[in-house]
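Structure record follows, encoded as structure tokens.
A, B, C and D are the chain letters, set down in written order, and residue numbers restart from 1 in every chain.
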Amino acid sequence: MIGLVVLAIFISMIILAIFTIFNRDLPHSVILFMGFGLGSVVLFFLFSAPDVALTEAVIGTGASSVVLLVTLLQVRPKERKR
Amino acid sequence: MSILYFIAIPLLASFLTLFFKNYLRYISVAINAILLVLAYFIIENLPITENLSFDSPLAISFVLTKGSAFFMTLFIGISFLFSLYNITQNSRRDIFILTNMLLIGVIGLVLSGDIFNIYIFFEISSITAYILTSLNRDAKAYNGAIKYMIIGSIASIFLLIAIITIYLNIGTLNLITIGERFGYMGANTQFLVLLSLFIGFGIKTEIFPLNFWAVDIYQATSSKINTLFSSILSKAYIFVFFHIAYLWNVDSKYLLFTAMIGVISFGIAEVSSLTSKDTKRVFAYSTLGQLGVLFIGFSYNNITIMTGAIFLVFMHSITKLMLFLSLDILEQRFGQSSIEIFKQFKSPFLIIIFIIGFLSLLGLPPFGGFIAKLTILSGLAGVGAYIMMGAILVISLVEAVYLFRLLSYTKDTQPKVKISIPLLQKAILASIAFAIIYFGIFPNALLDISQQVASSIIGGVHV
Amino acid sequence: MSLKQKISIQSILVSLVVSIMTIILLGVLLNFTTSFEPTLGNELLRINANNTKSANAVTSVVTYFRGFDTLGEVTILFLSIFGVGLGLKGFKDKLNIFSYENTLLKIGVDTLFPIIILFGIYVIIHGHLSPGGGFQGGVIIASGFLLMFLAKGDDLNINHKILELIESLSGAGFILIALLGLLVTDRFLGNFLPLGEVGKLFSGGVIPLIYIFVGIKVSAEITALLEYFIRIKDVR
Amino acid sequence: MLDSFNQTPFLHSVITIGSFLILLIGLVGALSKKNLFKIFLSLAIAESSLFIYFIGMHFSIGKIAPIVTNKVTEFSNDMVDPIPQAMILTTIVIGIAVLSLALSFIISYYKLTGKMRIDDMNELGEDK
């Protein structure tokens, strides 16, 4: 089953990546980026890499999303839509 | 004695800056002096291979050959002069940490014998460079820093692609083992690895198709910081790039390609500098041009050309150190760096310094740059690369045009501002100028060292 | 799309390089054959049981076999947080923009905070036995502080001096362990402690010690990083 | 029929093509988007595609995590290679360091000039 699960996750990750980048609303992009990161966490877990999965969950997705969102709070609302 | 002290001492010092805030300028000089002394003692028993924590292919190893020792000593020496120049100003924690980190980054780059470890030091030196670019904290500086970060991130992605491809195909990270197994990879894979390495390091060595951003970076920062970029950082990347190429015995077509890139880079940089109205940009274009010449020199698998290139590395580093530090004095006085300031200052000392620097950059006798270019050209004649020789000579004429234009500005009859220079800074500049002339007249000792370094780089790691 | 906007020569060049790159990349990657055996990792798995006695092979690679990479990584984190501080300190700090006034949140965070810290410490000191370690645990601890910033608003002021002190001392501790290894075993980052038994808490020699220093350092650094970002910046 | 989906070659092709597409999306985004924030987001996506590729290609069906537990009592070649995992762990941490530094630069630049787009950045150049 793992092959199909990986395929499904990849398809959703590609869609999420496209929407992250070509979306006009920056806060939405960050949320989609978090979804993308979640996909890669699941992939790392499926690939028998629990250490990397934990790191990606905590640092790659968690901490970087917080930093990204807080950056957007510093910016005027008009600039958040591009 | 261990090689790792060269990394551990500056690293420990920069972690512990909190405890001696007011003495940082003296500590900086002291650290660089200690490292110079250590380098002097360690050079006697080369080559050294030191494994960290475990046996070699499994763990990281550090390799000190004549090549890497030369570059390491050069960087420490320049850093020493730089810290000495800074001693007349107030202690600044940011400058202290960043210069130390830059030193760690470049020493690690030239010494490390493990490709992923090289990536780590690549990142350390890049991040230091980003922060150094932003150090002025105005819109210009942040503009430069953001552009630098975008292009630098792309460079590290490509370097990572190269590392991943290597590990997937031949299952090792040690540079020497990769060299043994490099032939096992298919032709396409080799091409992919080399192209990724070229993009990754080419962006950092400011070579032609990838150097459109570099001049902006030089313009964004103060001249003092440009010293570090021009004299230390780009030299370290060039060494690593070609050291890897020779270690892995790459195809000779690849080296021909880098030589072509080098001559194109030289030409475009020198032509672009003709229209430049900012002194920092002029010097930056000159640096790009010289890096192009270095690319030519390093690309021929020939001991004479390589000797000239090593000589040029030394000469260009100290010359650019001198020129950018002199420009820093002018910039601090006038608050700007457009070429108009050459019409306004009055200081016979600085004019002499500039003349020596420019003539050495052009490669005229009796200065050090002449010997370097002469050796490269005679080596090129030896291998029959006459087109390359002609190209270098023609482009050097273009270089002469803009450097003499700058000098002619000093003869302008505008009201002049007198510049006073502290004695220590004067002494540093004068001693560098003396070194340039000395090595121009008595080049044999340095040529001998350069030849040993060159044979070490061409011959691989154990020589 | 924005591609239609003015395209300079530079972007044409870059996209040319990238497109050549991608064509080759796909060509090479699809023809991917079996990897060279044995890889470093296979050899490493063979000797790991006897040489480090750490139950988690990834941890023994991160902190022992490639411990120098980790030292560099810690340096990078230190450098980047230093750079962030250098840039953002120049602005006048105002309110905490991240806070959210809510009693429920306050009480909940008060309860959760010790548990999160405890969990972070658990992840750090069990780095050589189970997935996790200094980096992950450090960020977990920092996330506890993030919750505090969220709930407490401007009541919570973290002293940057103390964070810097913790950071510098733990960084120095890492290097001192490495230098101690150099003095005792003649190898930088060498193991100078008894190895113990696989699966026990006190095993693996210097590995847990290094990960504890990394954990302390990372938690202080990420907390400082978040603290820099959550204040409104104002141009002087 | 369904069996062939669970073989290692199929898995590896999925990983190769998928992560390649993500890398492409990331690089195209980084080079075509004009918003500074989006550029760094795209670079983060491009980088994480490399992580997935590297970890994924070292996994084949049936391999387990390189950790000794109560059930798995000794290290063997049935485990996945630990070195890529350690490398990726390092690279993820470097990634957030670079990202946060870039974001701090963007905040500073925005607060100083009010600009967020790369084609508005005109402080540097020949006539400045």
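Quick note on the criterion: contacts are C-beta pairs under 8 Å (C-beta built on N, C-alpha and C of every residue); 3 or more make two chains touch, one makes a residue touch a chain.
Being a predicted model, the structure only gives us computed values, none of them experimental.
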Note: of the two pairs B-D and C-D, more contacts are counted for C-D
Between the Cα centroids of chain B and chain D the separation in whole angstrom comes to 30
Please work out the Cα centroid separation of chain C and chain D, and write it as a whole number of Å.
16
Here the gap between chain A and chain C, centre to centre from mean Cα coordinates and rounded to Å, is 19
Provide the C-alpha centroid distance between chain A and chain B, rounded to the nearest whole angstrom.
38
Where does chain D touch two or more other chains at once, residue-wise?
27, 33-34, 57-58, 65-67, 79, 83-85, 87, 89-90, 93-94, 97-98, 100-101, 103, 105-108, 111-112
Touching at least two other chains at once: which residues of chain A meet that condition?
22, 49-52, 55, 59, 63, 67, 71, 74
List, in ascending order, every residue of chain C touching at least 2 other chains.
1, 25, 32, 39-42, 44, 56, 58, 66, 69, 73, 76, 79-80, 83, 87, 90, 131, 135, 225, 229, 233
What are all the chain pairs that meet the touch criterion?
A-C, A-D, B-C, B-D, C-D
Listed in rising order, the residues of chain D that touch chain C in the complex are 12-13, 16-17, 20, 23-24, 27, 31-34, 57-58, 65-69, 74-77, 79, 81-87, 89-90, 93-94, 97-98, 100-101, 103-105, 107-108, 111-112, 119
Across the complex, what residues on chain C touch chain B?
10, 13, 17, 20-21, 24-25, 27-28, 31-33, 35-44, 47, 51, 64-69, 71-73, 75-76, 78-80, 82-83, 86-87, 90, 164-165, 167-168, 171-172, 175-176, 178-179, 181-182, 187-191
Where on chain A does chain C make contact in their complex?
22, 49-55, 58-59, 62-63, 66-67, 70-71, 73-74
Complex contact set, residues of chain D against chain A:
5-7, 10-11, 14-15, 18-19, 21-22, 25-26, 28-29, 33-35, 37-38, 41-42, 44-45, 48, 51-52, 55-56, 58-59, 61, 63-67, 79-80, 85, 88-89, 92-93, 95-96, 99-100, 103, 106-107, 110-111, 116-117
With touch defined as at the start, can you tell me which chain D residues reach chain B in the complex?
27, 30, 36, 39-40, 43, 46-47, 50, 53-54, 57-58, 83-84, 87, 90-91, 94, 97-98, 101-102, 105-106, 108-109, 112-113, 118, 121, 123-128
